[in-house]
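Each structure below is given as structure tokens.
There are two complexes below, and they share chain A, which is joined by chain B in the first and by chain C in the second.
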Partner chain A sequence: MLKILIPTFMLFPTIWLVPGKWLWTATTAHSLVVASASLSWFKWCSETGWVAPNLYLALDPLSFPLAVLACWLVPLMIIASQNHVAHEPLTRQRTYISLLVSLQVFLILAFSAMDILTFYVMFEATLIPTLIIITRWGSQTERLSAGTYFMFYTLLGSLPLLVALLYLLNDTGTLSMHTLQYIQMTNPDTLGTMLWWVACLLAFLVKMPLYGVHLWLPKAHVEAPVAGSMVLAAVLLKLGGYGMMRMMVVLGPLTKEMAYPFIILALWGIIMTGSICLRQTDLKSLIAYSSVSHMGLVASGILIQTPWGFTGAIILMVAHGLASSALFCLANTSYERTHSRTMLLTRGLQMILPLMAAWWFLANLANLALPPLPNLMGELMIIVSVFNWSSWTILLTGLGTLITASYSLHLFLTTQRGPTPQHFISMDPSHTREHLLMALHLIPLLLLVLKPELMWGWCF
Partner chain B sequence: MANYREAPLASRPKTLDPAEYFNLSLDKRRSVEEKATLRAQLKRQYQMQLNNPLRKELIEDPALTRWVYARTNPFNNFRPTKKTSLLGGLFGVLPLFVLYFVLKTDRDKKEKEIQAGTYKRKFNLSS
Partner chain C sequence: MTMFRGLYMTARVVHGIHVSSRFIHKHTRFFTLGLRNISTGRPVQNYFFKDLENQFKAFREKTAEAMPSSDWTPFEINRSLPPERADIVIVGGGVMGWSIAYWLKQKEKIREGVRVLVVERDPTYSQASTVLSAGGIRQQFSLPENIVLSIASADFMRNINKHLSVLNEDPVDLQFNHSGYLFLASENVAQIMEENYKTQRYVGAKVALLSPTQLKEKFPWINTDGIVLASYGLENEGWFDPWTLLNAFRRKAISMGVYQCFGEVTGFKYTTNSMNTAEGNKLDFQRIKYANVQMPNSLEYQPVECAIVVNAAGAFSGKVAEMMGIGLGLKDTIAGVPLPVEPRKRFVYVVHCPDGPGLETPFLIDYSGVYFRREGLGGNYIAGMSPEEEEPDTSNLEVDHQFFQEKVWPRLAHRVPAFENLKVKSAWAGFYDYNTFDQNGIVGNHPLVNNMFFATGFSGHGLQHSPAVGRAIAELILDGGFQTLDLSAFSFQRIITQEPMLEKNIV
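This part shows the complex of A and B:
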């Protein structure tokens, strides 16, 4: 663990001491070295069950795919932000990259935390760099309200979680995940325990986001700069799913009765947010709502607590992280050229930028869960396990898959095919940096088709 | 007395036609001339931006900005009427209760069968 953490901490001196013209090269190279070193976490020792354990941090097959994703995303974020931050003064550029790296530090510590309170502190700590990135480097005036929504929705959910965790600590004497697997819930029928159950999960449901409390997500995604959108979509939402999976251990038999409203909200949310996607005029908003839709499927997979549900959830989380981040990068390439996110104004780009159209095609196919990509595998596992839970849900999940396919195709056809607007005067050709960015997103996704055991979790 | 000729892209308002001009009151004449001035200034601004050889970005269209803002913030103009309440209840509230009822009944039926021992389990190695 230290061989990844110390180089990550050393990124801060790299950022602040490197001369100006080497800043982006040096930080990209350094973070790529850290990302490739993090691949060592894939070597899972099945005897102990934990990878890279020390006294306070360890990874297990649930958390190391997400931690590797967090490490992999930082060089991609730095590559993606290079264009729009390049015109700012040097100190501000260094600050921006420091915020991205601090997010990586908090995320690695969150995913490898062995104590639930450590996880909680890191979960909250990731809010601060994200808030600064959204409100300082976003491009519209609405970014302030987006930051407010983001902060307060998440805090509203996580303050009850703090109370619930402290109560659990008082009750059991420990919050370490090693020992928490063995506790029993003492009195599951009282109102107090039910409130405690809701308090434990509410923060993660808001973060996922669940359909009823999802309002912060489109705002935050639309107003954030590209690196903010990437990290939000790819990793921060997965913090919610990961937290839910860890908390399920202590939530005992009460989940069988109390999870119904949340499963129903998640399943109905797939259809509602998918339908909203078909009506969106803003490109990033469409991708944001599709994130809500996929995460609804993940939430329902986790809440039914079956092995296939958990496995499907974690596969879909990793695959969705890569695919959604790729779509946000593509939306950013379009935005940098036309300075507009309105889909009506950025149409017919295949005529102008044909190679980028190929990446758009692949990313949209990933989003609509084309076989053999892991998006489909995760979705199928969740759909099958939810069908086993109750046969009626196939209506909702099947309709949801249909709507997902239709809005992904709508996204592709609107931005790429059709008449090119007449008002484009000068468009940069596709930079090599952008092609590299898309390749680095989609090649891991294609490689995961060949070895899905890496992200299966421990239920297989 | 101004002689407003027709321009290729700007039609002359009927009231400024010299044949009609003297039938108008002074106030009406002045207001129509002011409006024509404003229109001409807006057109000039657009033409300057359109033909500027150093321009690289989109000409800002306030109507488009308003439309995009209206589409992204529907709640500002929302008013609970009979139709919106009906739609909201039908698609937002009723499905949740219907789904709860359907799923709970289905699951309770399965639980009763399991308790009674009549639930037929198909063999699966993992689920």
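This part shows the complex of A and C:
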């Protein structure tokens, strides 16, 4: 653990002391080294059940895929931001990369936290760099409203969570995940316990986001710069899922009844947000709503609490992280060239940038859960486990899959096919950096097809 | 006595409740005494609740203001600033600019598909060519493209309420007088008029050729001296109110969600791509990223991030094009070819002649260059003439009355004897967005500045073509190419290759 954490901390001196013309190269290289080192976490020793355990931090098969994803994403974010941040003063560039790296630190600590309160503090701590990135580097006046929505929706959920955790601490005397697995819930029938159950999960449901409390997500994604969107879509949403899975351990038998409305809301949300995607005019907004749709499936998978449900949820989280982040990078390549996110004006790009069209195709196929990609694996497992819980849900999940396919294809056909507008006469050809970025997103996704056991969690 | 009757009346009213009369009689006595309010002040109890109500109301209003969906922000935002980002910025809020804005919104298939911003420098339109125009529309051009544009625009204007009516607002009344245009030809231009007639008929305009005798029969007030042939437009020709058309486009466009900003575009921020051609020449492709819009009477400016800029600035389009460096390159390169649009001042004189030609008057254009049309129903006419030798000074919009006395009136009086005694009521001057190259519009994008589209240079026939050109530009931007009318003949290419499309019928 320390052999990843200390190099991550040392990224800060790298950022601030490296001379200006080596800044991007040095930080990219350093963070790539850290990311490759984090792959050592895949070596799972099944005796203790935990990887790299110490008193306070440890990883288990639930958290290390997500922690590796968090480490992997930082070099990708730095590569993606290089172009649009390069025109700013040097100190501002350093601050930007520092914010990204601080996010990585908080995320690794969050995923490996052994104490739920540590996890909570790190969960809250990730809000601050993200808020700074959205409000300072976003491009429009609406970013202030986006930051407000983002901040207060999450805080609305996490204050009850704090109270619930302190109550649990008071009740059981410990919040360490090692011991909490053995806790019995004392009186599951009272209103107080039911409220406590909701309080435990509300923060994570808002973060996922669940359909009813999802309004912050499209705003935050659209207004954030590309690195902000990438980290939001890829990792921060997964914090919600991970938190839910950890909390399920203590929430005991109450979940069987209490989860009912949230599962239905999540499934309904898949269809609703999928339909909203079909009517979107803004490219990033469409990708943001598709994130909500996929996360609805993850939420229902977690709330079902079966091994297949959990496994499907983890796989879908990791796969969606890579695919969604890839789509945001592609939207950014188009945005940097035309300065418009409107889908009507960035059409017919296949004629001009055919290689980028190939990446668009792959990323869209990943988004619509094409076999054999892990997106399909996760979706299928969740759909099957939810079907096992109630046969009627197949209507919702089946329709959801259909709508997902249609808006992914709509996205691809609108941006790539069709007549090329007149004002695209001379555009920058695709930079190698952009190709590298897309490759680094999609190659892990393709490799995961070959060895999905890495992501499966404890259940296989 | 009256007091007793009043008491009795009140008692009878109260008796309407189903209680025994005797009982209520006694009871009402006390009641009526209590109901008769002797004090003039209001009771204190009412005040308390009313105040509470008012306080709640104020609290609700205050929280409603601070809700996320409302406009209130803790930062003072200057509301007259344009948005920070717009997809398409249209420079120039004349009839051409608003027509393009309307058609862009008309063609987006999803609500809020594109964000359009129209930037207009002068909200009073004091120098805009649109509103100072004589407002005529004719199909009698020599180029088939111009004729087709006029026919399409006339069709739009005849069905204007189908296009530009807004729910719950008054319908649009363009005051389209279908009186037709009458061109008079002398010996040496009669041949051209006959060829034009053939072209116009071929394309579908309804025009008739008249001999001098026919002319005299139809319009007895004309002096047919020197006239060999006349061409009279039978349908879709006449004049209309340019202000109404401009406001109709604007109202409809704003109702569809177009943003309007009163400011001046003072510069652009762009990126440059240097490339080498096959022969090894260097070409600089530019892409506009931001348009700097400066607020009136202020140093404040807003860089508007945009994907496309449409130059519809009319007479001042040349200056806007220069901001991108069009025309400022080396002499024999594409970058050195300027946008050949400059303002040319033209005068319009309003005259009153009681014995004038009357209501049957078409828009008459003489071969000497003088023209006039009827204005209203009170014997007023609008007259003018294109200056032949010397162009008037374009630094202001002052009217030259000498010009009327020396040049216009003699020719008018020669053509229409009744005009010998007329009185000049008023006059104004306006700019043509004059295309010095070939006096025809420039429509399409510039080869080097990728995302700047032109819709300018119409040299006096822009207003009548505005609906059709607006649609063409919207098709060019949103569909990738012209769909209904092919205006590729009007592209900037002809200026670079120096192949003029000369229109022989310029007034």
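Assume the second predicted complex is superposed on the first by the 458 of 460 C-alpha atoms of A that agree within 3 Å, B and C clash if a C-alpha of one lies under 4 Å from a C-alpha of the other, contacts with A are read in each partner's own complex, and residues count from 1 in each chain.
Definition applied: a residue touches a chain if its C-beta (ideal position, glycine included) is under 8 Å from a C-beta of that chain, and two chains touch if they have at least 3 such contacts.
Quantities reported herein were computed from a predicted structural model and do not represent experimental measurements.
Considered on the superposed chain A, chain B and chain C are sterically incompatible, since they clash. By the touch criterion defined above, A:Thr306 reaches chain B but does not reach chain C. By the document's definition of touching, of the two partners only chain B reaches A:Trp268; chain C does not.
Touch criterion met: A:Ser426 reaches chain B and chain C at once. Once the two complexes are overlaid on the shared chain, A:Leu345 sits against chain B and chain C alike.
In the superposed model, A:Tyr260 makes contact with chain B only, not with chain C. Judged by the touch definition given at the top, the superposed model places A:Ser390 against chain B, while chain C stays out of reach.
By the document's definition of touching, both partners, chain B and chain C, reach A:Thr281.
Look at A:Ser139: by the touch rule set out above, it reaches chain C but stays clear of chain B.
Superposing on chain A, the segment of chain C with clashing C-alpha atoms against chain B, chosen from 8-16, 314-322 or 476-484, turns out to be 314-322.
Within chain A, the residues touching chain B in one complex and chain C in the other are 281, 338-340, 342, 345, 423, 425-426. Of all the residues in chain C, the ones that touch chain A in their complex are 68, 73, 75, 77, 83-85, 87-88, 108, 110, 112-115, 273, 275, 285, 287, 289, 305-308, 444-445, 447, 450-451, 453, 476-481.
Considering their complex, residues 222, 260-261, 263-265, 267-268, 272, 281-282, 285, 306-308, 338-340, 342, 345, 385, 388-393, 396, 423, 425-426, 459-460 of chain A touch chain B. Across the complex, chain B meets chain A through its residues 55-59, 64, 68, 71-72, 91-92, 95-96, 99-100, 102-104, 106-107, 110, 126-127. On the side of chain A, the complex with chain C involves touching residues 139-141, 144-145, 148-149, 279, 281, 338-340, 342-345, 347-348, 418-428.
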